[in-house]
Amino acid sequence: MLKTQELTLNLGPHHPSTHGVFRCVLNLEGEYITKAVNHLGYLHRGIEKLAESRTYTQFIPYNGRLDYVAGMLNEWAYVMAVEKLMGITEEIPERAEYIRVIVGELQRIASHGIYFASMALDVAGASAWFYGFRDRDEVLDLLEMVSGQRLMHNYMRFGGVAADLPDGFMNKLDKLLNKLPAAIEEYEGILLGNEIFRARTVGVAPVSREMALDYGFTGPNLRASGVDTDLRRDEPYSVYDRFKFNVPVRQNGDTFDRVIVRIEEMKESIKIIRQAMEGIPEGPVMAKVPKVIKPPVGEVYSRLENAKGHLGFHIVSDGSTKPYRLRIYSPCFVNIGIFPEMAKGLHLMDAVVALASLDIVLGEIDR
Amino acid sequence: MDKIVDREALVGELNQKFGNCAEVFEDNTNQSIKVKPEKLVEVMQELRDNPKYDFKVLMNLNSVDYPENFTVVYHLNSLTHLHKLTVKVELDKVNPQVPSITSVWNAANVQEREAYDLMGILFTGHPNLKRILLVDDFVGHPLRKDWKMQA
Amino acid sequence: MQISNTIATGLKDWLMGMGFSATTTEMIATAVWTLAVILFILLNLIVLVWLERKFSAFFQQRRGPNRLGPAGFLQFPVDIVKVLGKEDIIPAAADKPVFRIASITLFITAILAWAVIPLGEGMILEDLNIGIFYFIAIGSTATISLLMGGFASNNKYSLLGGMRTVAQMISYEIPMVFSLLGVIMMVGSLRLSDIVKAQEHMWFIIPQGIAFIIYFIATVAETNRGPFDLAEGEQELVAGYFTEYSGIRYAIWMIAEYGNLVAVSTIASIMFLGGWNAPFGLTFIPPFLWLLIKIYFMIFLFMWVKWTYPRIRIDHLMHFGWKFLIPVSLANILVTGVGIYIYRMITG
Amino acid sequence: MDVIKENQVEELVQNNIIMSTVEAAFNWCRSRSLWPLTFGLACCAIEMMATADTRYDLARFGSEVFRPSPRQCDLMIIAGTITKKMQPVVQRLYEQMAEPRYVLAMGSCAISGGPFTDSYNVVLGGDTFLPVDVYVPGCPPRPEALIYGILQLREKVANPKKIARLKANG
């Protein structure tokens, strides 16, 4: 029988579609992948070690640098963990919690906007890429308004948020929320309804329910595989128990479902923000917390539904001002673990799209 | 707040099934048990497959360098019962070895490699225990407390 | 056309008068024509790249280049000068002679195709009686250049790109030729000027609409443009077969690709859109300009498609080519043949 | 044998008007058409993409042609933290680029290591191993800042003499 020689292809760390510096060594039979090996760590900055030499407060800005497309949610996750450790979860003013929900969901929309954009780029629909970024910029304007920065907000504080919402924020937010549904419709028109896009994604790289659980999928990826779970609904943190929203779940777990779940989530986020806008009370935005953060001895594991999945912080405190050990459970790091399994037998072109559909951010993978 | 498992009963059942292997671990979270490393894989298998516990998700795998020992911490979660459990394994300070649980959850694969890379804990039976984040010729394991950065 | 004819004959007469032999005169006239074609392609190129950038910006809700020249029109000439001044890298492990000639052979084939393409009545170097056949034959050789470039670079991405090109171009050559056959059958001649003359009253896009669509799809694949730009699929193959090319060689690839684009657009205008025939009796616009307008309309279609659709997967591409386009184009030929037969029966 | 003095060579070059005019023209063209490499390392890469997108539109300055292949681009924007594992790759990419090539360090990580200076795996800035032409500070810099940086690089490329004079005067 005729047999072609296997080709070893080094995808990355510099490659247009590895979303940064992910590297994957592929064995190709023709253009079909027979074996894939992940190589990570090209962006490993040792944040967990750095945390041990920073005070609790000093570490807040680092969170934005983890998952740099959803900085606000990362900060929130960390702040929430420390608050739990300090036992001040109950004391946070309601207004602060509402603000957190609003900025968190805005950040989720921005993150999914980038997801849509990079997905579009990876199927070479270059124009759709610009649409995703266009709307993300609008969202970032609002986040910049509250925090002063576009990406690295450093807005969350233990016990609340750094500052109250600025004047005119609500008006702008209202305008944006009126605009967004049309934008999402545009996404569906330009890419999701496209015949070629469907051919490229439907049924490609499916992840079954069992496999998703086994590989530790979380968040939208898990929901795309038919597991109905969402921390915001199942273990409501902050004030999420007061909002009504759906948890989009898809059954096939293929690339297309992973995209659709996120698009649906954007719509749900808009709903949540609307409700938060209506229910937001007046009052302070910071609880009374000690000047020097010194959590008691002990440990905490706290998770938050990030744009990519469950972002967990395991903090071990020895009673000093610095964490004894801080572990970041990064959803992307675990999600990427499935890629070698997923890529097997895929066409090279599909593998690139499947990788994009996992929504990886290298800053969070390598930390 | 988190739903808490009845740890006493759980430990009792595990001990009955696998011999003396687990005990309640007292800490501030009130959801930890301590398991002997030799029985870890069986215990994890049981925790995952027994519908009474149904810990289908390995939430987190962490390693901590305490002054007296290395501790590997497994955070488990159940999607059906919505309860959580922390499993801790205390390891020798000189030669930290623990059986790999990749056979139970594939999710542990990358996390164990990371713990090996940064903390130097050996996971016996791991299919591919190599450095994952650092370069292959890196000296030492940076997350250990006694590790100092070379100039 | 009268003007160009006068120029051509005038030039020839003048050369003969200078005492050159007939052969030499012919050669000089050919050289002048070739230069004119190259100039035409290059001038087109400037407009084309500008259009491409502006159109893509329009589709992407941006502005596009707008600093150099009116509306950024001079951006591309500046780019070209810059590229000419770049270092020309030949990778150490490359197959050097092949690497060197690959881009040039593509350029030559792009130029050669122009030998039979008329830009107006009589504005043609050689009105071959098998003009369209010649065009197709020359066009097919472009495949080899792309494979040469991909293979010689000794880069895996380039190699994959080259292989994809061969598979894709050979597959799509067939429906392209078949789609043209319908027109040829209706005219009964392979000569391009005959084909244009036959469309004085009705453009062939009306009876041969399906063939036009097939031709359009096939040429998108032939010219390696989106959504069929698999050979240079940036997302997985970095830049495909020209990944390793830099400086002037890279520029030649680009120029040749745009040259091919203009060539297939011209052929489409001639075969289906009536060539330089003015529609609706709008004869006050010179025929040459009419042809140019039609060419640019075709190019706009190409760009529209490219900046709208995502890239298709190669096996879908193959399925589409072999299982859909070829049968449809064959059916089109059959229907055309039957139609011609019936028409002849009626008209006698 | 005649010994050519140092400034004599320069004089010769300066007197050779045609040569210098051509060179100046090339430099001017180079400065107006800086094609960046599609190359992102970390957070700043997102802002780099934002610079190319609808609102900021780097294309206005002719720099929207992000080439994924290092052979065909002129400008390497180091956007993000360079780790010790990544450093050889960055170095290799720079070597693969065709002359003339320029390097722009975007963000504090690429300038000095940024917030990660005391980490065990971070290289303290791109200029420790690459000749950086322009620094754009910020963490991450805003897209406007990156555009400004590219415009500064444009001045630098177009007027090499001015830069040399500035350097000589300290």
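So that you can tell them apart, the chains are marked A, B, C and D in the order they are listed, and the count of residues begins at 1 in each.
What we mean here is this: a residue touches a chain if its C-beta (ideal position, glycine included) is under 8 Å from a C-beta of that chain, and two chains touch if they have at least 3 such contacts.
Only a predicted model underlies this, so the values are computations on that prediction, with no experimental measurement involved.
Peer 1: Average the CA atoms of each chain to get its centre, and name the chain whose centre is farthest from that of chain C.
Peer 2: Farthest by centroid: B.
Peer 1: Suppose each chain is reduced to the average of its Cα coordinates; what separation in Å results between chain A and chain C?
Peer 2: The mean C-alpha positions of chain A and chain C differ by 46 Å.
Peer 1: What whole-Å value do you get for the distance between chain A and chain B if each is reduced to the mean of its CA atoms?
Peer 2: Going by mean C-alpha positions, chain A sits 25 Å from chain B.
Peer 1: So the centre of each chain is just the mean of its C-alpha atoms; given that, what is the distance between chain B and chain D in Å?
Peer 2: Roughly 47 Å, centre to centre.
Peer 1: In whole angstrom, how far does the Cα centroid of chain B sit from the Cα centroid of chain C?
Peer 2: 64
Peer 1: Could you list the positions in chain D whose residues touch two or more of the other chains?
Peer 2: 53-54, 68, 85, 120-121
Peer 1: When you check chain C against every other chain, which residues touch at least two of them?
Peer 2: 60-62, 234, 238
Peer 1: Pull out every residue in chain B that's touching 2 or more other chains.
Peer 2: Chain B, residues with two or more chain partners: 134-135, 142.
Peer 1: Determine the shape of the graph in which chains are vertices and touching pairs are edges (line, ring, star, complete, other).
Peer 2: Shape of the chain contacts: other, as it matches none of the listed patterns.
Peer 1: Going by the touch definition at the top, which pairs of chains touch each other?
Peer 2: Pairs flagged as touching, ordered by label: A-B, A-C, A-D, B-D, C-D.
Peer 1: What part of chain B is in contact with chain D in the complex they form?
Peer 2: Chain B reaches chain D through residues 134-135, 142, 149.
Peer 1: Can you tell me which positions in chain D touch chain A when the two form their complex?
Peer 2: So the residues of chain D touching chain A come out as 38-43, 45-47, 49-50, 53-55, 68, 70, 80-81, 83, 85-86, 89, 93, 115-116, 118-122, 139-140, 142.
Peer 1: Touching residues of chain B toward chain A in the complex: what are they?
Peer 2: 2, 27-29, 56-60, 62, 64-65, 73, 75, 79, 82, 86, 105-111, 114, 118, 131-135, 142-143
Peer 1: For chain C, which residues are in contact with chain A within the complex?
Peer 2: Residues of chain C touching chain A: 56, 59-62, 156-157, 160, 164, 226-227, 229-230, 233-236, 238, 307-316.
Peer 1: Inside the complex, what are the residues of chain D that reach chain C?
Peer 2: 25-26, 29-30, 32-33, 35, 53-54, 57, 59-62, 64-65, 67-69, 71-72, 74, 96, 98-100
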